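A single structure is presented below for examination.
Read from first to last, the chains carry the letters A, B, C, D, E and F; within each, the first residue is number 1.
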């Protein structure tokens, strides 16, 4: 099996942002994304998951370094100052590099 | 703390495949797996998560390199040509290597 | 984009432990955590996700190495002997290191 | 003739989704409503069967099983004119099979008009789900290299959610009888129609998404999805008349033939015919045929049944 | 005067959460209940409208739209004494807008007391949700550098879940009329109050969490959240009297003015005014104003309405 | 004597899961149904208590608390013959405690037979949940090195979901009284039985999984799970007779003693006695005892109660 090196960008944030973030992610060149519902806690307090304004989502994007950087930059400038959000990247190996 | 090096294989695909994939994963030698419900979008369009045929799952398997390769190969040959699916691996460190 | 190196600690375990683990995680110095509902299977059998005693959670914590080690150690001594649980760490790059 | 209010819920969902509202029902609600509808329909049929001597039901059931296999074959023949074999076979399976919600709306239509129908129609609903799925898989596999995992398919179809709940409901209704059902009817009978209204709201939201996919499939698929229902309805109505059914029974059998599956069939085809593109069959079945039957078909088939049984 | 049992459910949820019970309702249930309440309220209003000549409703609706925009402005003026502009603007939007659940409890209170009200009150509920949200955004943006994404905001507000379901329900109720509603009423009418009880249980659980956040906001916010409802209620009651509404109508308009939003407003403000801290407005609106209205406000406004229309 | 239709739903779920159907109800539905059942049972008891002079209830409650602690001790003694201390203790806690759903089916059985029962039986249901859990933890800890986190345990048990909803429902029912309950009864009374049917469908699905785990536990556990219910039922019935309860009351107290917990106990034991293997207690409690009580036990205990109170 050969795996091709890509970046996995993960965003955990308020679920109210799902629509905007998906738009951003597509616009900045990612070919796909995956969303899960989540709850959690951080510097903006506890998000228990019961109500929409109280729930988090987790978005994963597999993409190349440039796209990961662009999405992260967009998060840093547009969302991080005002919203509960964390962003991190890691290294992954994918099967079909042309999909990403 | 000593962490032992393993592979983490992640599959995101249509939820209709859950049963078959879990069978495959067990048969190919993994000792466990974890499934979360997900939604998302990619080359096969948007999977909104509302209906079973419209929803994704995310499966994570921690295993050694050979097993990860075998599962990935199975996905490549059997599912990737026909189903919405992505597969990627990454490096993780586990606490109790004998469990995986 | 500069990403700062941190650890991502992931725990998959029985959902009945959510309260205790969140307490532990805070007490051991993590600044946040994210929880998703999950199902799965391993050495303790299948957790189908239907009932509370039959469901898993997945907890992710981004933190520095010392905190990751402390939480892992706590899991090893307190929970791993008795509960269905796996623990693993990986390397991630974060945007704002001061948050973690 | 005014629209049934449950149909208005469908239109509301459709309009909301087309206007890109963020209205979204939780997936668990959709699952719950479909479980409810399947059980409720089964129970109703079972209770009615309990009152009935079930002698003739058996051969009638065999007849409609054959009918729905036949309709799948006909649909395949037409679809093969333009579509690849797997897509034609999978779509044909949808159209040979039936739609539980369309049946529910049609029976609510009859109730509103004060027209009764034979209890075995619910049995027909249950038995007409499966045969076309098998036909579809066989058609897809003929001349293809892959083998069919018959075991998995049989399992998928016979023990699929909708089969288990419909037949289970039938059996419970049959065993419990009208007496035993009394305590259950505040949920399964009295709330049937309003719960159907919520389900149709959800259907409207989902249909809008599939309508969007229709453009990509071209005019042939759209025409097929629009013309098949009335044609199959005529076949169904004539069969019903031949079986000596009442006006209500003829109308419902016509509706069953005209309707296409979008719960059992997509799941079964996705597993058994992976090469088929689900966007084709869903655009046709959910994007066109379902709303057509709801808005135009049902009154049409009622008129047809009245004419034939006059 | 005994407490309505639905209010006891609120207190149960509140007590459970304050005692740190692990009681938690599934998120999908909360979503489902809120969809149900919105549709049910809409349907009820629509059916009532169908019986009514709707001539005067239009200018009355315009009047209450203006009223709620005005109340948002007043609230902003007061809040600006202590809060930063974004927080003041976002919180003012909550208080100019309305609470669907408070309306539901108030109307259930009236039913219990055998007091009727005009059907257009449900229309007022729908139209009073939006204007204050727009006022809030404008206030937040005046003198700020960022631009408003008006398109997104309009979309968020006009096609938001609560708007679509309320107005959709109104329309369906209007079209279906009393006859068409008969088959739907076992769910939307008969189960309205007990479903409300479950929703209030959930509200109690969530309110407790927001109460905790109140301490961080200080005494000014708490006082604002406590004093605004009765003052706004008087304004609403006088307006209602001026419009010639009945006792029930005056009481409900007072309640609408006194109530503050915690479903539509938080979502809209979070997107349109990101600089505002949602903990401020939620602590006030959900932590203080909502329970105040439920426990003290509603009987108070009923007394006020009776006095004014005596 | 025919089967209650709700029991048929249990059998349907069991059969579907044993046949490996993919039928699965959403987790949120299961949570919702259990919330509903707990509140509904509580409300019913509370309303009945409101009509009653509650003088004797207190000492009766103390008596059944003692009884269920005693039953846990007896069960532990027997289980220790073969099981390790933690497993014996945790399983004993399950059997000293009670099953809400078994109680619900038994009371529905009585209703069908036209037999009434004392309102305090619902109080007994609430108070018999907890004591055995405490006994179980003490037994597990005696002679073990670890300490008990009593605080956490008390919290888990006293503020656990089922306790809060049962007692909360009792209190609300008591305060609201028959008058206040009228508007809530279309949900909590009329729909009780059909909702129970859905819950039992789910229970059937889950039970099948635990039955599979039974084989691994061996014949001793299976026999224990099969013989304990009738024996404990006799103890309960005699106690009820001694307390001067009616036929219905004696039958329900027998059922409570015979039933074993599978909602509150597993969660509490998992946290307080981590060394215990939950597969043991669930195989016994859910895999054997629950279906036994449903299918055989309930009619048996009714016969027993009739005989004793004849």
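One rule holds for everything that comes next: a residue touches a chain if its C-beta (ideal position, glycine included) is under 8 Å from a C-beta of that chain, and two chains touch if they have at least 3 such contacts.
What you see is a predicted model, and the numbers here were worked out from it, not measured in a lab.
Under the contact definition stated at the top, the chains bordering both subunit D and subunit F are E. Of all chains, the one whose Cα centroid sits at the greatest distance from that of subunit F is A. Seen from the Cα centre of subunit B, the chain whose own Cα centre is farthest off is E. Inter-chain centre distance (subunit D to subunit E, centres taken as mean C-alpha positions): 41 Å. Rounded to whole angstrom, the centroid-to-centroid distance between subunit B and subunit E, based on C-alpha atoms, equals 45 Å. For subunit E, the set of residues touching two or more other chains reads 22, 24-28, 186.
Multi-chain contact residues of subunit C (touching two or more other chains) are listed as 36-37, 49, 90-91. Of all possible chain pairs, the ones that touch are A-B, A-C, A-E, B-C, B-D, C-F, D-E, D-F, E-F.
Against subunit F, the residues of subunit C that register as touching in their complex are 14, 16-17, 20, 37, 45-46, 48-55, 79, 81-83. Within the complex formed with subunit B, the subunit C residues making contact are 10, 12, 36-43, 49, 56, 58, 68-69, 72-73, 75-76, 80, 86-91.
Put simply, subunit E touches subunit F in their complex at residues 2-6, 8-9, 12, 15-16, 19-29, 108, 112, 186, 190-191, 193-195, 197-198, 201.
Against subunit F, in their complex, subunit D makes its touches with residues 26-28, 31-32, 35-36, 39, 155-156, 159-161, 164-165, 168, 171-172, 175-176, 180-181, 183-188. Within the complex, the subunit D residues that touch subunit B are 24-25, 27, 30, 202, 205-206, 209, 213, 266-267, 270-271, 274-275, 278-279, 282.
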